[in-house]
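Encoded as structure tokens, the structure appears first; notes follow it.
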């Protein structure tokens, strides 16, 4: 049982199940409190409710798929000391390389960029954004960072605002 | 008519404008975030004062080549240039990673050419009859068609059928956000004003594919997805053409889906891909891991769609996809009124479209074959130089379609979502299909119910017509054979 | 060498930045005209024609920008969010007036200052060529005999087609309504036999009437249209509906945000009055038989009065039928007695 909850796919199926449930409840509540009364077959929340039902069904099917996989694994790997699947092990080692800190940094950076773009206008915001992004990815040479961020921003600005007449912030 | 078309082909000005359109199409199509519909919308303003012939020549060039060139970025950097090339990423990008970018591009070019030609020939010969068949499709049939597409797709992009369905459900959910099409009240907007306009396809696409790719590179470091070996291959055209007969089938799918107003490119390519998976018994590699058969299906179908999509636009003034919707206003702006008599009363405009369409096909072939070997080297550019530019294009591309800063926020959100989903083995292609089809399913389903509820025999109104019955059988069949329970039963039987 | 290159780049940036900051006399570069609906619809087409005429007078280019979504809310809000220097204006149709009661947004005509009322596309009732109904009497009799049975396609709640159907209901003719995404799809629904009739903009159906695919039964107005002298006006068969049918239901107008400086409004008003005299523009309006609203509502006060009457009539119609989410009373929209 402990193994069951630990498995990633099982966790996901439970998560998806709760999402489906939440959507279902949301739809029901909204349908019955809607200001414009309409029968269920014409209600705007008919489809969200259907999707909620399907999501719950799919999450159950996902749960069984995952459970089956675990069963197959445990029967196959009985002889081995380690009860873990080799495949999962492999995945784990690959995961070690994943740098979640950087992903987090980029997400924060993007949010800051989004907030500041209307304030300090598109060009300076983008140049800074690109430059910091490159540093996070691991570019070292300051010259190439500066060149790429400035040149690409200016070219893109030119193409969109002048040639395609898009009003940029 | 044939003579008229020839007459246009010797007109230097016409050929040059068409070529200019083709080059512009190549440009907008291959850059993620710049869509063909956006370029056409822009051309409406530019060509406003031109003669209709010149305007049509340019726009057809953009349209035909733009649909093809969405495949270029799909293959090279895993970011589809347009919704209709989403399917191309499934096999195109794995091929590029294996060092076969050139081969993938060559297949895409040649079969896009074949598809476009087929669609235009069908337009020239069958516009009227095909439209009248399309007219027989009623709301219930559209609903079933969409359901069929989604059922087929669940099984083909993920290893796990359930995970594929989860993605598709996410897509449908997203498509329902915004103003309800029947009652007109906001729904699922969670109090966010900006969500009332719904979720546009371009920010979603650019985020799910583009920004998610950026985050993947950030997460895995520079090495991820870089191609170690760049094989200089020679791909014989004779070998490429071995898929010709099968491609005719995809052409039929593409053209017909195009003739159905509202379905559009992604549906055609997904359906063709699903069929390819069914009819190709021994693909060069398993589908999803770099089978050129997958590229053939998707690229043939989405280009064959062009001819199809023009049919309802010209004969009913109802556009078949987003681009023809804008082309329609080009016609109006120039005082041409598409409609039932258009082909009779304006034969010269019809020949203009055909002439520029065929010209654009040849430019497509020429540009594609000329640039494929050069473009395929793009993947050897170090990621640290590529990624910043891609990010910037994501930002500006999502902004430019509707000129809303909120779309940029949506794009970032989708990027993060796509990144998380991908890491957990959920493919993101079905999300785009769900997003495209969800609204169509919802409104057509309720439309069908609304129509049936006032008729004397609701069940017969809903399911009583041959098209509906056939579609219903197909849909149920697809769902059943894809069900995990059925699959295990068959495995047991085989043993 | 490298230093030189960086220097040049810095210069470029400086130039780009300073170029925008020099204030010039209005109109500076171009005027952006936001059309809050998709390309290809009546509003877009008339907007483009009007924009072209306006650009000749103003001497700068007029860029049409389609910002569809949320029944026009997105485009209207975008105009309010942009700079209030008059570089961006709105070309809107009727949906701005029903946003509040439909619960879409808090926007209304009060948030904008009208510059000129431009056009109204007359509404007509059409049936398929195979339809058993050959006159408007046949159709109305059938609707009366079987209320909520005769199918009509319309473009969605709050739209002009919906309002027309509600007017018919007031006189005892209630069709069964099914919503479609656009005017063109409504017509396809009629031709393919999904519904019996629709209430469409004349410019969208004129080619089908010419080709014989659709039969024109009536004009939803008080007067017959000059090119169809034999087609009755709806009022002839719905006595007492004069006041309701009098109102143009798809009023297209040219508006700016309230905060735009008054001298700019003045300038735009004068330019717009000149623009509607443009030959090409008039050709277009005449060819498509679009009603010239600027001849009906000449002064700005008249336009404002028309808006408030329009808002009142339509809002109450929608609310009384149960289609509206909020009562017009909440927004101080008085009920005007018919």
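Observations
Letters are used for the chains, namely A, B and C, taken in the order the chains are written, and counting of residues starts over at 1 for each.
Methods note: a contact is a pair of C-beta atoms (placed from the backbone, for glycine too) under 8 Å apart; a residue touches a chain by one contact, two chains touch by 3 or more.
As the structure is a prediction and not an experimental result, all values here were calculated from the model.
Centroid analysis (C-alpha atoms only) places A farthest from chain C. Two chain pairs are in question, A-B and A-C; the one with more C-beta pairs in contact is A-B.
The distance from the centre of chain B to the centre of chain C, each centre being the mean of the chain's C-alpha atoms, comes to 32 Å. Between chain A and chain B the centroid-to-centroid distance comes to 23 Å (mean Cα coordinates, whole Å). Chain A and chain C have Cα centroids lying 40 Å from one another. In chain C, the residues that touch at least two other chains are 63, 103, 323, 325.
The set of chain B residues touching two or more other chains comprises 45, 182-183, 185, 403, 450.
Residue positions 35-36, 165, 167 of chain A are each in touch with at least two other chains.
Against chain A, the residues of chain C that register as touching in their complex are 2, 6, 9, 12-13, 16-17, 30, 32, 63, 82, 103, 322-326. Within the complex formed with chain B, the chain C residues making contact are 38-40, 44-45, 48, 52, 63-71, 73-74, 77-78, 102-105, 148-149, 151, 156-158, 176-181, 184-185, 187-188, 191-192, 194-195, 204, 206-208, 210-211, 213, 284, 287, 323, 325.
The part of chain A that touches chain C in the complex is made up of residues 35-37, 123, 143, 146-147, 150-151, 154, 157, 165, 167. Interface of chain B with chain A (complex): residues 38, 42, 45, 160-163, 165-166, 169, 172-173, 176, 180, 182-183, 185, 187-188, 214-215, 217-222, 383-385, 387-389, 391-393, 395-396, 399-400, 403, 405, 408-409, 412, 416, 419, 424, 438, 441-442, 445-446, 449-450, 453, 484. Considering their complex, residues 8, 12, 16, 23, 26, 30, 34-36, 38, 41-48, 51, 54-55, 58-59, 61-62, 64-65, 97-100, 102-103, 106-107, 110-111, 114, 117-118, 126, 129-130, 133-134, 136-139, 144, 148-149, 152-153, 156, 160, 164-169 of chain A touch chain B.
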